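Please go over the structures that come below.
Heads up, the next two complexes both have subunit A, just with different partners, subunit B and then subunit C.
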Partner chain A sequence: MVATTEALTLKSETPRRKRRDLIPWMFVAPCMMVILLVTVFPTIYSLGLSLTKWEIGLQERPFIGLGNYIELFSTARFWRSLLITLLVVVVGVSIEFLLGFGLAQTLSGPMKGKRFIVAALLLPVMVMPVVVGYTWRLLWDAQYGPINQIIGWIIGQPFTYTWLAKTETALLAILVTEIWQWTPFMFLVFLSGLAVLDPEIFEAADIDGASGWTKLWYMTLPLMRPIIVVALLIRGLDALKFFDIIFTLTGGGPGNSTETLSFYIYQMGYQFFRLGYGAAASFVLLVFLAVFLTYLLKAFKAAVER
Partner chain B sequence: MRTRMFKIFSVLLAVAMLLVLAVPVVYAQGPCQGSSSQCAVEAAKKFAGTTINYVREAGLQAQDPLTMAPIWEELTGIKVNVIELAYLDMYTKPLQDHLTGGGAYDAIDLSPMWMQDYVNAGALEPLDPYIEKYMNPADMEDFLPVYRSEGVMKINGVTYGLYDDGDVFILYYRKDLFEDETNKAEFKAKYGYELVPPETEQQMYDAAEFFTNKYAPELYGLAIQRLEGQAYSWFVGPFSGRGGQFFDENMKATINSEIGVQLLTDMVKQNKVMPPGVEKWGFMEVLSAWMDGKVAMIVTWPPIGRWSAGYGDTAKQLAWVPASKVVGKVGYMPQPGGRPTLAGGFNMCVSASSNNKEAAYLFIQWMTSPDISLQRVMLPFALRDPYRLSHFNSPLYRSAWPEAGEYLDTLKKAAMAGQYELGIPGAREYMEAIDNALTAAYAGKDPKEALDEAAAKWDAITERLGVENQKKAYEQWLQNPWNRLGPKVEIPTE
Partner chain C sequence: MGLRTRKLLARSIRYVIAVVALAFFLFPIVWIILTAFKTPSEFLKSPPVWIPQTPNLIYFEHVIKTGGLRALSNTLIISTSTTLLALLIGSLAAYALARYRVGGDNLPFFILSQRFMPPVAVIFPFLLFFKTLRWMDTHQALILIYLTFNLPYAVWMMRGFFMEIPREIEESALVDGCTPLGAFWRIALPLVSPGLVATGVFCFIFSWAEFFFAVAITKSQAITLSVYIVNFFGKMMVQWGEIGATSIVSMVPLFILSFFVQRYLVRGLTLGAVK
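Moving on to the complex of A and B:
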């Protein structure tokens, strides 16, 4: 009899429990559906696209397996664009890190007019990259640009070098522009990090007679490690997708000499409508981003554990 | 008997009434006998209350439809929503819209160079049935032959666009400098021939070198747009004029032939007699320098001719254009080299994804009709250039400023000798390869190496899109005499 009652109770509770278990899913479901629709589905769709020969000039869109990937890896223009991207990530972000950290260190203590200086230093990061690109295009102008004007004053004769039209200097001009815009971001992150470091540790080091360099190398940098990793992670990911300033300053030129991977994908996918090939290139970029992210997250974890 | 008679009478009356009712229907569906603009207006009234989305290049180009749309709305009750896009986005966005089944655009402006890609994608509505139904056939004949030819308004014999912008490169030169007696004497002493408005590329270079050496930095001999993106347009015409060919009989690229390499070498050399930094000069830089009297010659599109004459310079839409310091000093010549580039230009087309195809067609017929289009090409701030015989012959236009007749005759002469940019599938990609080669050579790369790279890219594009397909499309494209490359265009007798 008891067993029968228990069985009845279980029988009557099971559907209720089931209902109860379903309720959280019902709340989450709309959100999940949106995520599936806007991220997972397009990713799977574009993966499928990358395996087809989808060209605007062709009537058929045949399945070609890894054909797009094989073509991609055998194209010199792709490798060059990848090299330029890595150059921007490694050189650009490193210089931004050094300058940003240096500025933050300089302005971390109390000083007169600090608020104004910090606000002024942050201005570039608040400007849209496209506006930055067009502004710097004027600054780099051969005939009317202030940069050539100043160089002309220094050397005492008119200077009309075409920075953006020469292969040797176009990338340099892009890097300077990029560094100008994004160093303030690094500065801001590091300034916040330095502000929360315990001053007592540094006071103790002062009492022990530690030099400025010793404090920086053995105390500030290790303590700042998690923040540095996060800053590098954010800027590195952003630099891997570097596009706007290239688009406005050089359009990838002269020739294809300043084309980044993002710009190359844009050209292939949205200018020439080689959607299959463009999708394949996007997946390669995605892999790079994933590898970069995994490496830096590991570094972040190690930094926190230390 | 009376009943029978009544029945016969009733049937006859019914037939007569049907015939009476059918007359206007037959008339409305037959070819338009009067003005195409009026026929478009009458037919469009039945679509009153609808809205047409029309794609136009952003900026000054859009001022023309923004001016005309309220008139069209007043006449027909159809609202026109002008969507402004950057030039290169005009190729990509409507195509993206079509491919994603959007239907966001009804009427679109397309460069002839892009037509083949759009037709291949099924993105354009064939216009012949509408033309037959609504247009006065005589108005079709009024388009200058170069603008109504295969590969421009028509692809494989089907009309997909109504031409609406007579874009062709001409040379503007400073008459005061060329007619100056001292300049003439000094030039002759140095070069051994008379200083004349240049007809050949060598004459243009010599004159440019002469003026630059004499007047720089106050004034330079020549300025030509070299900025990446559309630099190729200044390569195409001279390349054709010198006898260059895009492809050989096996569809192998021949842009890196001796002719191509020599041309690019000459173009790099030209930069030395142009203002410093010209490698990054776009339309605005050339315009500003010219209007400011800082250059002796420029090779560019037709609107600059109107602005430098000070035509309509009080229009508020032209407030951004520098005031002309060269009014009354400007002479016109076709782009030197024999085959001026028919650079850009626009067709007005109807999107195949449109939900208002007929209304959109009637709007473009009205806009391009002889009477309305004359008003539009004469708008001082518009960038639409003369393209109908009636435009070139218009007494009103020819008296718009003292040299207007000379200007119109030069445009017509240049267009009739013109060379179109390549218009086969993948045209944008082919042209971009030339653009890359030009900017690389301007940056110091060896011209041969730059063009070899471009030719390799061309071959890869051809291979990818199918050699036979491309060959067929190219042969079809060459049917148009203004597409065929060579020193002279063989104009068909009409």
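Moving on to the complex of A and C:
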């Protein structure tokens, strides 16, 4: 295209050509202005905020350098929230991947009623996370929840375990909820990835007498690698910001044992009005995100060049 | 075991797995829908009653009476406005990125990376700005803030769609004296209209379901459905019927929309990486 525009404009006089070269930049300008205004500038401002003591009741906003960060790194509650965030990102997303891939592998290929099955399996992705949190809170409920009821049927006596009142089972509930909502995403992505694999190489493998596992390990997985990487990274990046389901499912409790980093920062800002401290914590999240993002952009570039 | 029985067995296992998966993924949705039609003596019974015996609509009435309609219209106004803005500004930029390669390879990726900005990293500055501007709890505050994720998304998706259409028609139009803006508006944009609709639907869905910014910025006037529903979860009492009814109102439009963009679902959810 660059060459064509050159050819088109070569004969015209120079001022007009210069104006033509500027036009694409003018197309991008409104977008860049909005991005600078709503993301870049607030992020830089937030960095400044994280270096000051900005709290309610204080008349002054003194510059305290790395004070907030030092306090942050010596706070157990912060480390805990970071750990829980990583738990969701690593364990939750891995299980989603395994379940989603297994399900896609099982259901790929022609099948009666497949359109309906796929459309129905996808519904969890389209439910507001806030609603997902409340729904599962009701499902896990010790007295009014069907989960305890079903367990009761199986063991043959009333079962009233308070899942969300104990840290370990509350974490389990969070993971199950996250897995419930996002396994369908993995399933859908892998299902469409599997659909475009060339069936001929699998037929060739069949003739050579390759077993199902051999085909999966040496053919399907390597061929699906780019898609798997992108799906894992997109999910991981979103899970790093995990907030809505914590808010409605456990409220960070019991105590504050199931807080994610986003939830902890929200609490610092909205419950304690510690904006400088909260901003410092948000920069730690940003660093993690940047690492993931670097890999994601590489994966995207690879996908584009493929 | 003969080949036929093995084939039959393999086929039935597939259906068994499909049924188990459907049960697991649909049960919670069915449960919250049923809750909206139960009486308190049914959802507050231990163990719970599964099927409402006397289905009623009182929770929907209650939701309408207590400001549910306002929350719904706020959500519609905010989601539609931010979607239209993102599409308008975004597709113009995407066109320049795709056709004129403005900013080379790096600018598109820079814009894409903004899509993943964590809300907590920008919320405190926004809070301070909106307080100063007296924009707290207003539509325009959320519309603007939702552009943080919708605009990068729209640019990235639309760039992909523009790169797929042939450029010859635009080039001949340019030779015939059409302005670049005219070529974009009258020729390229109509050609990518399916992509434009799909991108718009996804922007709408993201804004519709958004919670973090909404709960941080709105209180009563500009409250969206996701924040409205939280009001029914009291410290003393949980109004499960109203939560169920609001959940239905929030789910149905997204289910319908996702059905319309089924062809673009994978592409939309993976930011164009998987087509």
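Keep this in mind: the second predicted complex is superposed on the first by the 266 of 306 C-alpha atoms of A that agree within 3 Å, B and C clash if a C-alpha of one lies under 4 Å from a C-alpha of the other, contacts with A are read in each partner's own complex, and residues count from 1 in each chain.
Methods note: a contact is a pair of C-beta atoms (placed from the backbone, for glycine too) under 8 Å apart; a residue touches a chain by one contact, two chains touch by 3 or more.
Bear in mind the structure is a predicted one, so any value in this text is a computation, not a measurement.
Asker: Between subunit B and subunit C, positioned on subunit A by superposition, is the outcome a clash or a fit?
Answerer: They clash: once the shared chain is superposed, the two partners overlap in space.
Asker: Does subunit B (first) or subunit C (second) touch A:165, or do both, or does neither?
Answerer: It touches subunit B, and subunit C stays clear.
Asker: More residues of subunit A are touched by which chain, subunit B or subunit C?
Answerer: C
Asker: Let me test your reading of the model: by the given contact rule, A:143 touches which partner, first (subunit B), second (subunit C), both or neither?
Answerer: In the superposed model, A:143 contacts both subunit B and subunit C.
Asker: Once the shared chain is lined up, is A:285 touching subunit B (first), subunit C (second), both, or neither of them?
Answerer: second
Asker: Per the contact definition in the header, classify A:111: touching subunit B only (first), subunit C only (second), both, or neither.
Answerer: second
Asker: Quick check on the superposed pair: does A:270 touch subunit B, subunit C, both, or neither? Answer first, second, both or neither.
Answerer: So A:270 meets both subunit B and subunit C here.
Asker: With the two complexes superposed on chain A, say which partner A:74 touches: subunit B (first), subunit C (second), both, or neither.
Answerer: neither
Asker: For A:55, decide between first (touching subunit B), second (touching subunit C), both and neither.
Answerer: A:55 contacts subunit B only, not subunit C.
Asker: Taking the superposition as given, does A:46 touch the first partner, subunit B, the second, subunit C, both, or neither?
Answerer: After superposition on chain A, A:46 lies in contact with subunit C alone.
Asker: Choose the clashing stretch of subunit B with respect to subunit C from the list 45-53, 279-287 or 405-413.
Answerer: 279-287
Asker: Once the two structures are superposed, pull the subunit A residues common to the subunit B and subunit C interfaces.
Answerer: Overlap of subunit B and subunit C footprints on subunit A: residues 143, 158, 160, 270.
Asker: Once bound in the complex, which stretches of subunit C touch subunit A?
Answerer: It comes out as residues 14, 17-18, 21-22, 24-26, 28-29, 31-32, 35, 43-48, 50, 89-90, 92-93, 95-97, 99-103, 105, 107, 109, 111-114, 116-129, 144-145, 147-148, 151-152, 155, 167, 171, 174-175, 180-181, 184, 205, 208-209, 211-212, 215-216, 225-226, 229-230, 233, 240, 243, 246-247, 250-251, 254-255, 258-259, 262, 265-266, 269-271, 273-274.
Asker: Sort out for me which residues of subunit A touch subunit B in the complex.
Answerer: Counting only subunit A, the residues touching subunit B are 55-59, 137, 141-143, 158, 160, 162, 164-168, 170, 250-257, 267, 270-273.
Asker: Using the touch definition from the top, list the residues of subunit A that touch subunit C in their complex.
Answerer: Residues 1-2, 4-5, 8, 20, 23-25, 27-28, 30-32, 34-35, 38-43, 45-46, 49, 103, 106-107, 111, 117, 119-132, 134-136, 138-139, 143-146, 148-149, 152, 158, 160, 180, 183-185, 188-189, 192-193, 227, 230-231, 234, 237, 240-241, 243-244, 247-248, 261-262, 265-266, 269-270, 275, 278-279, 281-283, 285-286, 289, 292-293, 296-297, 299-301, 303 of subunit A touch subunit C in their complex.
Asker: Could you please specify the touching residues of subunit B with respect to subunit A in the complex?
Answerer: Those in contact with subunit A are residues 88, 91-92, 95-96, 99, 117, 120-121, 217, 226, 228-229, 275-277, 279-280, 425-426, 428-429, 432, 436-437, 439-440, 442-445, 450, 453, 464-466, 469.
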